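A short write-up of the structure that comes next.
A, B, C and D are the chain letters, set down in written order, and residue numbers restart from 1 in every chain.
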């Protein structure tokens, strides 16, 4: 018996673009995505051509100067976002697909399947992420597919757990039990009743997870086990231009700033979306 | 499960549940470690190319390579190889490094100590600061200190270790020349003999790690501060200081332990990168070298060690949480 | 009366956005006097209770007026001074015992803490045993070392009361202390509170939405509606002859097992904090509403020395209704029973240890009849309902519907069986999918179970909404925009969309306010007669049984205690367990009757 | 174009120096080591840019004492203590502090007597008598005798010991060689050997005490320093050998009390350590940083005019490449001038696919290959290999390697050659299972023609990267080696270079100096122009002292 104290109208959640941090992060994220799509078309020079002396100071020809191999830093920055965001993005999506299915099945079936799946997740969680990626690199060398799948696998346990919790919570709700009593098919119940209600926590968790993917891609590239030169990649640029930090600092600072801007604004945006759905990302993370 | 075993389990569970629970969780942990070792072995054995090429390298004749393959037992079926490897690991013998022929355990032993010093150093610095900052911003939610701490921690989380490390090394090590930019120590001695070299690597690790703890801790504290029993305590006249300490924080303690255990997962990754940036002679740098040298036994040894270490830490964290939360402790 | 202990005058409490939660409220509590604050959800009663301790929940602000305890003004005090005062001058007993005790602090320590902070360390070791004894809790060391989760609901609430009594405050404010407890424990707690109040000459403010519970404890009752006091009078005066239309509606909505009558309830919905109407705030829902009422907010007028009312037409307020119950549809004696439950056994596994929830229960339900399953929590009544509807696999016995055996799981039952048996759940806020419109929710059963096309099903929605007395305009809105009562009616409409023959109602009104509950029960009773529906009504509230059910089955810990006609069982219960239930259930009629002794409370 | 940052040397790369007698005109055995310290280092560098060789740090009177830490650019998990296989720079540097040879290279690659005083051949160079230096003791106190020398040579010659210098002893008939007296050894030869002294400077022909078998824990040699202890892949400590033969009564080298070899493969960390004063010397500073700090006061740049090259090579018997037209198309698809300008920043000159530029044995008469993508494309079309897809692994293993690969990909595209780059970690670039197997690879050598031939072109050469299996060419080479007369031998070697230039597998785009760096207070470094491990004055740390 629950005391009837539920407010009649749930206060509609704070609209997304009302607070200034959200607005800024939204703008930054949109800008970066545009950069990834149109960047390659705007490059003043070919990003992989050696055009001038290495670590040259910014000049009219090279607004951000040149890097270790004399390539134009600006062109490489314009192109460098693609690999980080694409690999990070695809890995996160795959992680969600696999993790989501496991979480739904575990949350919905409960019983034996639930515990087996969750124990399996624990085994995956046993590996600190970078160690797992290094392990894969031992086997598959610099293959980007192995890197993408590796990062996806790292996300699977976390996603599975969130989706499982959300599914568990929703499956005891009245409207799901009514559907069960009606004998609706499982697929219908999942599609009509459960999935629409667990989008909130999943999206809220998406932001930080995408950031984690980007940082992992960056770290692996830094260790020289990811993207190969002469491809332009923000993380690789930081790694290969480190020795020139005193000569042309922009060759390291600009890509570093791009990664930071992307990850910070993503975190901020995800946080706002989470608040709109009533459970801030941190609380979400706590339950992980 | 035979009847007697069931009876024993129930009796054990009845008399001291905590021990029974610890026993069960340790058994699961050991199982996990075995599973992890299987995954590590499988991942590394799936390699293109043959280990003998590695050792003899260039110039070796086919006959020499075949002879070495037999000598290392690499021609036996995978399961037998795994059996002997695991048997060795249990006795502390991780096999021989392909590149140098030295036993892997000596390679690991030297570097393990250094990495532990770095990890423990980072934890000692990181945890108190982030616990204080996390709690402060949680208790004073929405006030300036909260915005400041949350803002900074949000930015720090986004800064990869190799960026902050590089910048720190150049600024403090080279331009200001105040702190050693790399970890050079007298041969064979421990980093503690010259602690100055630890400052920059630990600072690099603290940036990312502490940001993570602060954000998670803040969420835990905010949730506790908004709880019913905190409001009841305030209505019973308990002074605010005591409300925060005895009621809110006491119950936010358990999630904090879990957060710290989670942070270790990132710390291990951070150490690998930080050791490479500062050329710190630890296990992380050793692992990167081994991976690029495709030195399988070294990779297997270090990975199993790190993964098992991490599983045990998780187990310890779970046990601490059980002890901290009365409800869990009594309902085992 | 001597100078009042507590004096609240012209108190204004607003939300952060400035909307009035308490609109210039004034109330006084004399020494050793016990008053009841009654109001439905959103009336501001909890805000007033908090204000009596100078406290405002996050999101609210004490914006004006004054609160004085023994002459000492609270609203101007600093937080630290307030802290020194709370627990010593006035103490508070929170609503939900399960969450208001610190989970990681032993009982003894929580009591010791209170004594220490109010400067009574020296006598702590004597205070604790006496105060525990006072609330009938064991005072030995072993009990004091227990943690909150190791106590029952009733014990936890008694600890909360003990904490409130620890420093002998002259005034205790209790906020819905028994709402979370079962009826027998509630009765015992009410009796103890009453005894403590008399023995210690303590002033008491008892806040609740349950008029019957308040009547059992308070000398005087203050009725609140939408942030202001509408009537204040001696308890028996108010119960017998409420002068404010809202009080009258409230009294006639309270189900009472001693007086089986038709419950009318109050139409409409209480105004939200941000859209109070001009003039009398109850106006829109009042039968006596005239233009004069709408002119401006009537003031509180004294009808006698201690009877105040805020209504200009208080003279014309009719007495509370007491119409006879709606007659049951024609029960043909020889009709085959629509539902036959034989030797039903069902159990649950909690952490590996199975326990039996239903133990060989058998009963039948006649077509068109309303059969009530009554019992406290843990009696198995809900499990039986879930077995009938196919949500729980029984481990023994059979269930026959229209004399054909029902498969344990709904999925394997025939379309016809799934259509003819429908269920409505308890929590209105979880009974509808928040992401689907009302039209979508109500039309789906017709499409799924009657094979209607989308257009056909959606056309029926309007008639179904009308049948449950909801405006057709609600169809395109989302559940989030509806009140608890409105959502429950939509759930009923959804069940009716399948044109069922058996409707299972699992505690459908226990989460609603009294007035909304009355209206819903009245609707269900009408539907049962109009559609000659068979209804299986699961509840713990004997009053509800009295006003809705034809036959009743009493359950205790999974076994059937008693079965028979409602009025006979309520008047003369055969089994001791039933008798205890009937005596314990609060009722407006029996303000002075004896309550069961605390010994029998688990 | 600056090089990112030079670091490891390819392991397994015996960039040993060998130098034909004719170059510096110094008679064998003339220059005593003592003289070395005094002679100015200003030998003209062969770099066309005419930049005089930055003077080393030879000036002033040496001071005894101090601890010297040197940051090396390679080494790591695969380090071993045994001196018999020194595939990369830090391995060679370590061995050279503990062990010594009969003869060793001087700054101009001339053979300088070390444990031997002199070596006299018989009439046709089939017997060589060697006088040993008297009064030399091993670290364990044992005196050096002829038996130790013979034991050492026999140890290297024994295949079971996997010694890298085994092919060098191919002309020796060690069974019949004998110890004439405790201080004189007579070597019988299976075939005439023209230059015994230079052959002795080669690779790891260390002299160890007779009977030594285990080289994995303790190391006993005659060198200036004794091996104290170390941590695999991290750092190694060497302490002064109090009884070193060169110290003498007046107190000669080694000047510092101890030397610490620090393994710092990460170029940025290595440079930071030097700038931060944590190490006193470092090998391989990248061109851009060298350009920035040269002449400044923060650090001193040491320029050694070695014939460094980072050739891209193809196996001549691999698919398509067996066709000579394809090989020549590759040579025409490399824009050598642009690469030298962009990568080497004036520290080097254009290459002509031949080793040892700037040394006596170098056929400079052959026309210079130029960048002609259209001709290359037509050649490929004729050979039916247009467009040509190749995968080129590369690494930061040496200055300019990655930049060269990137440049080659950029310019070769015009000739219809699509290059896919595959970056591999520098530490394992020559230790992985791709090197010597992949048909197309990038490598690093700093040797003259004779050394290079022995390492990679003769039939049983250990590093026959280009699969140059040409028996007549090998026999001609061995014959040339046997010519006693310098001029004739040089002419023979130059002639042997023509087929390499015309259809060899090596694409050598440029030659550049070795750039190292030290803190200003380091003195006593005489830059070596020899090929092979010549950093920081041929790794002769005994001459370095701290002002």
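Convention: a contact is a pair of C-beta atoms (placed from the backbone, for glycine too) under 8 Å apart; a residue touches a chain by one contact, two chains touch by 3 or more.
Keep in mind that what you see is a predicted model, and the values were worked out from it rather than measured.
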item: Pair joined by the larger number of C-beta contacts - A-D, B-D; value: B-D
item: Whole-Å gap separating subunit A and subunit D, where each centre is the average of the chain's CA atoms; value: 48
item: Approximate Å spacing (C-alpha centroids) for the pair subunit B, subunit D; value: 43
item: Subunit B and subunit C, separation of their C-alpha mean positions in angstrom; value: 52
item: Inter-chain centre distance, subunit A versus subunit B - centres from mean C-alpha coordinates, in Å; value: 22
item: Touching two or more other chains - residue numbers and ranges from subunit C; value: 96
item: Residues of subunit D engaged with two or more neighbouring chains; value: 268, 424-425
item: Multi-partner residues of subunit A (each touching 2 or more other chains); value: 224-225, 242, 245-246
item: Pairwise touch network: line, ring, star, complete, or other; value: other
item: Touching residues on subunit D, where the partner in the complex is subunit B; value: 12, 69, 76-80, 228-237, 260, 262, 264-266, 268-270, 272-273, 275-279, 424-425, 427-428, 430-433, 435-436, 462-463
item: Residue numbers on subunit A that touch subunit B, as the complex places them; value: 119, 122-123, 125-131, 134-139, 141, 211, 215, 218-219, 222-225, 235, 238-239, 242, 245-246, 252, 256, 259-260, 262-264, 267-268, 280, 282-283, 285-286, 288
item: Interface residues, subunit A side, partner subunit C - complex; value: 1-10, 173-175, 177-178, 180-184, 192-193, 196-197
item: Subunit B residues within the subunit A interface of the complex; value: 28, 32-33, 35-36, 39-40, 43-44, 46-48, 154-155, 157-163, 166-167, 170, 174-175, 215-216, 218-220, 222-223, 255, 259, 262, 264-266, 268-269, 272-273, 276, 287-288, 290-292, 294, 296, 299, 303, 306-307, 310-311, 314
item: Subunit D contact footprint on subunit A (complex, rising order); value: 48-50, 52-55, 68-71, 142, 224-225, 228-230, 240, 242-247
